[in-house]
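Heads up, the next two complexes both have chain A, just with different partners, chain B and then chain C.
Up next, the complex of A and B:
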């Protein structure tokens, strides 16, 4: 198996998890209510944990630098996260909708990876299955509740969905190793994932009484997987690595 | 709001424009019962605010199932829990004296009697 194909895929997944984990943690202490503040922060911690586990595989199995180094000291253009996860937290409707769209893709991705020929990833997928189940349950429950709340909450969920959808479709931007990963039974590919994801989210969105936004192909936010990011990633990385960069060799 | 936390600072919150709390503007409460192992009893753990039983469960999971082992959780709307009045506590006043209802009492008594015979 070509290590570059594995690295490309793992970095995509790890960077997605790191950046959305950081973004969602920005709600800590200012969440809409105490219980939800706690739940959302917990899930953000889980995402950072997923990122850590993936960087660890990259380090131990594929010879990449240590997790802390790649997370905090890499240049922006080397990040492979999709643009969806970079966007500012906005209002809670957007953060919830992003959580819904991203976490369903993540859940299905790991479901597919549970049978991957790349053992470290298959093991990780099995280990975090329950964690991710809670994340999508949380997202679905809130989406349905707020879509059925009142006119304002329904409208806000729909407009957040309309705004987030072109970015969410950017999750499935093809990498340079799709056929290789699929023929080696590592991962069936972004297109296969996207088909399953659309089926899943359509069911939930429709049962919530919302509408799946239609997005023209040229409106999809591609680029992230190849290092082309939105204006929001750089300031986030600077803030995230601010302390580490003061003294990169310090022992914690 | 001027905060040392950059995450709070960049929200540009206006501290003096906080809305007053209105009566009945809070969500109802749900009692949470925690079970640490299948087959064991659910034990009361605390309370969460939520607008529906589904949300209450989701909230309870992180509020009371975030540490240690959990097998299951129950949530019950607080208003569905029926209780004695606190002034009726006197019904239970003499109960602690009825040690003959406590199995541990007999074991101890047997041991004392055996010791006395020796």
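Up next, the complex of A and C:
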């Protein structure tokens, strides 16, 4: 197996988890109610844990630098996260809808990876998919409740969906190694994932009485997987690495 | 390992040190508590997967304990790892290694029956047995640890630690926490 293909895929997944984890953590202390404060904080902890485990595989199996180094000291251009996870938390409606769209993709991705021929990842995926089940369950519950709440909550859910959808489709931007990963049974590919994801979210969105937004191909937020990011990533990375950069060799 | 293969070529040592059996290691591990749930030890939790003891020709022994976290992002894992190493070292090994990996997937079904009784007494509803995929029905059939009524509901799938959910009991009108089935 080509190590660059594995690295590209793992960095993409780890960076998504790290950045959405940090965004989720921004709800700590300001959630609309205590349970939601806890939910976003717990999901943040899960995501950052997933990122760490993926960076650990990159380090131990593929010879990349240590997790803390790649998480906090890499330059923006080397990040492979999709633009959806970079966006600021906005209002609760957007954060909830982003979490719904992102976590359904994660749930299916890890389900697919649980049978990957790349053993270290398959083992981790088996574990992660059980945890993500709670994330999608949480997202579905609140999406349905708010869509059925009142006129304002329904309108907010729909408008957040309309705004987030072009970014969400950017999750599935093809990397440079799709056919290689697929022929080696590492991962069936972003397109296969996208098909399953659309099917899944359509069912939930329709049962919530919302409309699946139509997005023209040229409106999809591509670029993240190749290092082209939204204006929001750089300031976030600067904030995340601010303390570490003061003394990168400090012992904690 | 090479040293072991060449064992016959080495002179026999005159003194025979009593070897430390793996049973002793497993018993020692019972002293290592989960820092987030102090009534349970690491054996109750089912997070220890393997204990391997290698004896060198000079009779010095190395013990390797393999464990896996309950949740990937469990913040207590480093502390547990350290406690395991400290506890096992007391047995007199030359070296103790503690490995953390995901080669064996931890699920809440690995928790012992005894552990579930301890959990309920502690005031934390134990995880239901899931055997495969988790279903909505399994999430709804949870007994209140205070009054034992099953007339309870899920308030939040996320609680004070990654492994806990928040529930409410309609019978005794109290909130309680549950160890999440995963």
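In this text, the second predicted complex is superposed on the first by the 252 of 252 C-alpha atoms of A that agree within 3 Å, B and C clash if a C-alpha of one lies under 4 Å from a C-alpha of the other, contacts with A are read in each partner's own complex, and residues count from 1 in each chain.
By our rule, a residue touches a chain if its C-beta (ideal position, glycine included) is under 8 Å from a C-beta of that chain, and two chains touch if they have at least 3 such contacts.
Quick caveat, the model's predicted, so the values are computed rather than measured.
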Three-chain arrangement built on chain A, chain B and chain C clash or fit: clash
Partner chain(s) touched by A:126 [first = chain B, second = chain C, both, neither]: second
Chain touching more of chain A, residue-wise (chain B, chain C): C
Touching partner for A:50 - first (chain B), second (chain C), both, neither: second
Which of chain B and chain C A:138 touches, first, second, both or neither: both
Touching partner for A:239 - first (chain B), second (chain C), both, neither: first
A:26 touches, of chain B and chain C: first, second, both or neither? first
First, second, both or neither for A:42, with chain B first and chain C second: both
Touching partner for A:118 - first (chain B), second (chain C), both, neither: neither
Set of chain A residues, in rising order, touched by both chain B and chain C: 35, 38-39, 42, 134, 137-138
Complex interface listing, chain A residues touching chain B: 26, 28-30, 33-36, 38-39, 42, 134, 137-138, 141-142, 145, 239
Contacting residues of chain B [partner chain A, same complex]: 5-8, 11, 27, 48-52, 54-55, 58-59, 61-63, 66
In the complex, chain C residues that touch chain A: 68, 71-75, 101-103, 105-107, 134, 155-160, 162, 166, 180, 182
Touching residues (chain side chain A, partner chain C) in the complex: 35, 38-39, 41-43, 45-50, 52-53, 120, 123-124, 126-128, 130-131, 133-134, 137-138
